[in-house]
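There are two complexes below, and they share subunit A, which is joined by subunit B in the first and by subunit C in the second.
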Partner chain A sequence: MQMQQQLECVSLQVCVSVLGPLESVVRRCLGPEGGSVLFTRDTGETLISRHGQRVLSTLHLEHPMARMVLDCVCAHAKSTGDGTKSFILLLSALLRAIQDSAHMRRKASWSNPALQNLANRLMALSRNELDDIIIHQVTPYASSYCSHHSDKLEHSILDYLISGYISGRTGAGQAEILKHILCEFYYKSKRDQNTTETISFIHSHFNVLHTRVAGLPVGCSEVIEGLVVTRDWSVWTELRGPIKALVLYESFGSSLGDNITVCFQQDWLSRTESITKQKLAYLLELQVNVVLSSVKQPECVLQWARMNHVALLECVDSDQLDFLCNINFPETLSHPQHIVMLKYCKRLQLGGLRCAQLGIYSNAHTLVLCAPAPGLLDQTVCVSRGVFLMLQHITRTLESNQFKSSSVDQSQCTVSSQDLWRAVMQAGGVLPVGGVFEFLLHHFLLTRHTSDPESCRLLAEALLCVPRALYAHNHRRFLNIQTCFFNDLKKWDRTSVGDPVKFEFGFSEGLCLESVSGKQQLVVSVLECLHRLLCVGAVLYTRSLLRPQIYSEEDEEEEEEVHTNSI
Partner chain B sequence: MALNADDEDFEWEPPSEAEMKVIQARRERQDKISKLMGDYLLKGYKMLGECCELCGTILLQDKQKKNYCVACQELDSDVDKDNPALNAQAALSQVRERQLATQPVPESNGASSSEPPLSITGQPRPEHCEGAASGLRGPPPTVQPTPLSIPTPASNFLPPSNPPVQTTPPVGSSGSSLHHHPALSSAEEAVLHKLRWATQELQHAASVEASIQLCNLIRGCAESLRSLKELQLS
Partner chain C sequence: MSRISKKKPALCTDEPLSNSTICQKITLLRNILSTAYGPTGRLKQIHNNVGGHVLTTSTSTALLKRLEMSEPLLKLISTALQHHTTRYSDSGLFMGIFTLTLIENTKKYGLRTSTAIKVYKHLVEQCNVYLKGDSCGCKVPVEFSSCDSLVALAHSMITSKPACMLDSRETQQISSLITQAFLYSIPCNSSGTACFGRTVTIGIEGQSVNHSSVFPGLLLDVPEMLLPGDLERLGDGPFKVVLFGVSLSGDISEVGDVALEVHRGLNPERDLLQQLLKIGEQVVKDKVSLFACQKVVHPVLQHYLREHEVVVIERLGLALMEPFAKITGARAVASLFSLVPMEAYGLVAGLCFQDCGSKKLLQLLSSKHAAISTMVLCHRNETMLEELKVCAMTCQRAEHVLRLTLREPYALLGGGCTETQLATHITHMNQSTAPTTAAALGISHSEFLMAVESFRSSLLAVALSLEHDGQDCLIDLTYGHRWVMDISSQTEVKHTCGCGLLEDRSNLEKTHLNTACQTFSPVFLENNDTQPKVLDSFSAKLNALNVAVEMASLVLDVKYIIKDVN
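Let's look at the complex of A and B:
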């Protein structure tokens, strides 16, 4: 009987023991006061990161549950770009709370059916009640908070959002610089365009729109107009005005035509030469001044370019060429060749690197990110990419909410920039950073009249782990903030709608914002992952790898470990 | 809508003090293990999908493909405090249990010879075996710690489960004249035997705790030999 009970509670114990080390790894990197992890390889490469997903992916994890959690974290990060460390902390706190609640029930352990029942209840909570709480309780608070501080927030809500995202992810010195650069990048890329489209554009083309330069201080980062290609011109002439550029995906000498019978090498060589000359002459007729090629061109093409004052750029990334073609509506000569219009071509010096700068007829700018070390550069690029992913998540959520609520005027689908951020504020889409969302949700879960108080209580208690970890270095400050916040909340609860609310709760270090929808998505993702973990019935070990992911799940009554000799 | 299939889940009573302590201790141990494992993960160790057979902690593997269990090799094991070979208190509590079970006849020559001494060291370890220690504190401590109740092995130096050898003369003997009593010499022999065993064990001792215990045992043996000599001479 004892043995049976031990087997039954192994699943929860294993979850807790797997999540425990991951939590202790991630906790040290959390928040603005957190540190970074330095990874080194035997080859001498170093990677400095405090990005949760990067740190967790670099660890060697072979345990099937750990890998499953990692998959969930990566999937969450892909959609919001935010909250990977909080994910692990919240998940771990929930598992511990579940384990403790078993001890407190004077039962030896949770039985498997009871665990699965609890998992299902928590899922139901995330699907039904959480939405309700967020829409009817959290967002009104957020919108009244924003309207209270609207004088500060009016024109710079984007700045605060970006600084809220960055401050927890980079060092203090870099955060300021990066914030300015990213805001500048955004405003220059936008100009008169729609906010949502700009954000979506930047995010989807981020790979092409940024350039990395190692070896320079972070302060040398800048925003450059047009497209920057990290290759030097093979043949260079200064060109201005609208220029026709040929985009090539293959070498000139390669396509010879269909029906060629080769008799002698001499014959073949002279044929290829004549065909190439014809093609080049044709290009001159079209008044092509620039050739952009994704491969290396033969020497004769270089000579021809030098003689005819045609600028030639070789070995360009094909993604960048695709980008050029897509935004320029090129005329297609034949499949591997396109002609695009450029404003100008320039040569650029970035650190020790000589680059080419192509002026294009659109608002696109390139973000040049510099950092002294490759690891730091990687981190900076990750953070920048994450900023736009986070912004896109906000705008998409706002749009879907506007679409859902019928009270909004449907003709006002595309909102201009001022209106978008104002709409976000009014819809209660942003809250100050530092655990405000967790406090709010904790309070509303505990005071809610619900059919399932146990799950609400579990989630409410676990939510406080995130602010506790954020202020781990100064527990008194955490308690102060918590007390002050709950006093404010009580006052706000008591005032009726329309009365001005005096919010005393504020941050001395300046306002930073985070998105409510991102936080909600975090809680939902955590509860889904928890459900997956608790419903693992059996872990089967095989001697050989079936496929890269070894684990398999089955919903069975008993947990057993089976060693099998074959697949 | 009844989402709770299990009616037992409705009862929720606050836990008692003792249970809270147990939960707290367990949680602290788990936290320590997690922290150590986290440190090792960051050092490049691999988290395997297997658990240790002894304690159930998840195993780590270093770069030389050697498996490593954090709990067994770095923390004091939960069960070590109950192992009589490593802990005086555990041994004493085991002795007391056996004595209570066999119900010895109370002897005439005082309490000292049949009662196990308070401890070999004279200072009980506070965190282990509180219950055993408090049980043992009942009878007044002896002035001279008469020798060991560390259970002796049978002839083969393994952690014992045998009742201890009473080094003082057996209960019920005449107890008046102890001069050249065969019991004394056999006691001396047993103590010397024990001394030799402890020395050998000390040479092979791996952990600090075990070494300390063994040194104390040797001291106890020496003292008991001295008192036996005094008994013989007197």
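Let's look at the complex of A and C:
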């Protein structure tokens, strides 16, 4: 194949100008005061979102550098489910700060090796110093802050975490309602199970455990016991008590594939029917009362169900059937047929449509999410899913931390359900939202004695861009909060660890929390991404097919970033 | 190697609400909706410029289904409105006008969007509390002991659809028919969970509206060869019924998409026909009088059955299967190769002919008081079948609204009185508590008052758009009802307010709507003998109010539009 290649040099200037537009989009929808982004397609679909990752990926970015940033954002979001908007803000603030520092030194621009040197130093900072600052300075602060407010936090830390996550992602009106419904969902699903297990269970089965209803206000959302299938029963009879249900993945009648020839014999038609009848009669012997099928069944199966008081539900989502089989230890007949036990079967009205409700022998509940328009519904679902990803990240980090600290005492690893959140609190795992983490890190980075004050200063200054964007509509408020907070911090610095501190800095409006570990991960990811950006020397356009990822992180050499544009 | 085309970058619009073309489009849509609102609403004609069908309507459902929105924000509102009307069948225009005026007013008063959203949310919650509470002046309980309020509800539904072209007497008749059909659909024996029956609507053109009526049971098209004599020969009921859900046409195409290989000497079609005739024999032996099939019945089988004095109804269609099964108690049979099980047979109490205008229909009477009825709607306008359909649709919706009242047995005052009262109440409530509420919401006092004012004037704007003839709309300063100043007619007829609950008195102080006035708390009217004449559905309006505020918040919240052009 003939190669036509084009070379484009990448400088700091390019990076800054690529990130500029991204930043301006993201800035619009940051925090509770921000707005949302409406996304439309020529097919007529409309979608509303405040979700940073979603907004960025719908832009169809063209510049390879921008796409590389997007890859980093996605990787970060996948692990924490949080902080994509701050990611872009922080990254572009860092880039700008680097650019400005060149101007201050009266140099026109950074030389390439100098830039790379800086990038390496920042990486080193994130690897060595950041951990230290978080463990020895931020976490103690967080834990003493939490113990100071423990009377308020004690029982509702989860509520605050959820509302902290939601407030930046949905409109002001819906956040409150959604918070209540998600908390209810969580508590009902949990009952007396392990917290960590519940969260990961909800997170991994979220697709099955929620139902969407368009056309109703968000306030109509509810939590329903068991599993909801958004289909009406094809054949319905009132059933009581434990019920044996047959799960089918294919048509029960004669299953003829495509493109086959049938040799027509004397009584072929009647024979195929009688085979089906025999199979159905066998089901009755097994005392099956409910048939759940993922496909449409032939008319004779419907008739059989009507005659024998069997309830029949067709076109069930096969994921839901899989879920039923997985949690139920099914009895398998022949390969695609299983028998599961159900607690009860009901009919249900959801927003004027009839649905089926299946009671199962576990704590699983279904989250019914309502919204006036489908585009909005998508956002609500997306946020709800994100909440559990975020919670999972918190519980996992806590567990891994505990594992590290107390590998001898294994019993401590299995925290009881109520204590898990208290443990999170005591370990200093959470901080109030609204830029507290950024203020803290800023302060500690500046007051720290390190070998590399320049990169510390760079990072510290850039961190302030996040709270600044949060209070963009009211700059005076930002300054107020900042001074108030730093006064507090100075007081805290003076007192020794362990002494009760009086925090004057409080939040009058609804208290919300966010996890420290997620924030730390954010800073690390941004610095990694920055390192990658600064190491790129040139973009090479090629026409040959590439593997999706050709850059590797360990490559400290000048890396040439290559993307296909057309094949 | 397949060619992958490069994706184009998306088009972006920043701050869509400060874009003047988008604002113009919002105003245009608001104008379209508000001019169509109410009993005197102006009709809209929709047609495309290459000719073809012309639709005349003033209902939100029909209007928005045909209107292609170019602006994604408007498309969003339009879909939300359609979702609301499919669920509640009423108050679609109310929702649309309220949403759009809220958006416009927020811009007009220069409110910050996040502030406006917070305050609107707060206010709509207050509205919910007020409307659901006991001291609400704009709510009347629906008495099921008399059907006056039910008829009034249906009446205001029909009058708000001027495209039906009914005069007052006809409107009265149709609304009482709807109420009648609704009462038929309530099952008598309420053991266990009661389930609503069905009302099947048949439209007949070319007849005057006065011929419309409601029949108990199910009305079907008479099979061609059935004569009145045949029914007489059957004698008195009850009759045994069998219902088939599969095709009895004798084709073997039912097998599926497979190639058939037939041996010499075999004739599958003849075998199948033999089988069909066997069914016929069994049915005759079991003394069945009515043989119904969802699909086609083979002519030979039909002939055989008719010879044995069995009434055959074919091509029933899927829509009628459920009411048919309900009314007869028959279970649809699907197998051709086994005997029809005894429990699959059903019964009808009687069969008779009904003349409905130009059409002859066969009436099936239920033997078990199944709550099935048929409403026959006639309309004089021969040429426009479409209008009839709109009419039929309207009637179904009116019935749906009546059903909603069973869940929440209240109705709201119509004629704009609910809006004016609600606006008055909300303003009054928030006048005194403004500083504390504003502090709780984290906004300034003046911002809060502005947002309340924006909400109030949006509510009043809905009440104002009921009037299209250039007459003045007034609000009284005691009860907070809406009045129309009638300059032309100085007749002796007692002047009443919009909903007809209040009569005019000389000492009742009134002022123009949408002018600033002293806030007051609307006086709660107790022990009033007069019944309001215009009523609105409670649940539909409540949902519309909530959805409208939610949609307005959503649109105000949009700061950026990304348009994918791939």
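A few points about this structure:
The working rule: the second predicted complex is superposed on the first by the 507 of 567 C-alpha atoms of A that agree within 3 Å, B and C clash if a C-alpha of one lies under 4 Å from a C-alpha of the other, contacts with A are read in each partner's own complex, and residues count from 1 in each chain.
Definition applied: a contact is a pair of C-beta atoms (placed from the backbone, for glycine too) under 8 Å apart; a residue touches a chain by one contact, two chains touch by 3 or more.
What you are looking at is a predicted structure, and each value in this text was computed from that prediction instead of being measured.
Once the two complexes are overlaid on the shared chain, A:Leu446 sits clear of subunit B and of subunit C alike.
Touch criterion met: A:Pro372 reaches subunit C, while subunit B stays clear of it.
By the touch criterion stated above, A:Gly171 is placed in contact with subunit C alone, subunit B being left untouched.
When both complexes are overlaid on chain A, the residue A:Leu284 reaches neither subunit B nor subunit C. Within the superposed three-chain model, A:Glu62 lies in touch with subunit B and with subunit C [touch as defined at top]. Residue contacts after overlaying the shared chain place A:Arg121 against subunit B, while subunit C stays out of touching range.
In the superposition on chain A, contact is made by A:Gly20 with subunit B only, not with subunit C. Of the two partner chains, subunit C is the only one that A:Pro32 touches; subunit B does not reach it.
Comparing the two interfaces of subunit A, the one with subunit B and the one with subunit C have residues 24-25, 37, 59-62 in common.
Against subunit C, the residues of subunit A that register as touching in their complex are 24-25, 28-29, 32-42, 44, 46, 48, 55, 58-62, 171-174, 214-219, 238, 256, 258-267, 269-270, 273-274, 277, 298-300, 302-303, 306-307, 351-352, 372-376, 473, 508-509, 565-567. Interface of subunit A with subunit B (complex): residues 13-14, 16-18, 20-25, 37, 59-64, 66, 96, 100, 103-107, 111, 113-114, 117, 120-121, 124, 451-452, 454, 539, 541, 550-551.
Only residues 1, 3-6, 8-9, 11-15, 19, 22-23, 27, 30-31, 33-35, 37-42, 44-51, 56-58 of subunit B touch subunit A when the two sit together in their complex. Residues 1, 3-4, 6-10, 12, 14, 16, 72-73, 75-76, 79-80, 83-84, 86-87, 112-114, 117-118, 120-121, 192, 245-246, 252, 255-263, 266, 268, 271-272, 275, 331-338, 341, 343-344, 442, 543, 546-547, 549-551, 553-554, 557-566 of subunit C are the ones touching subunit A in the complex.
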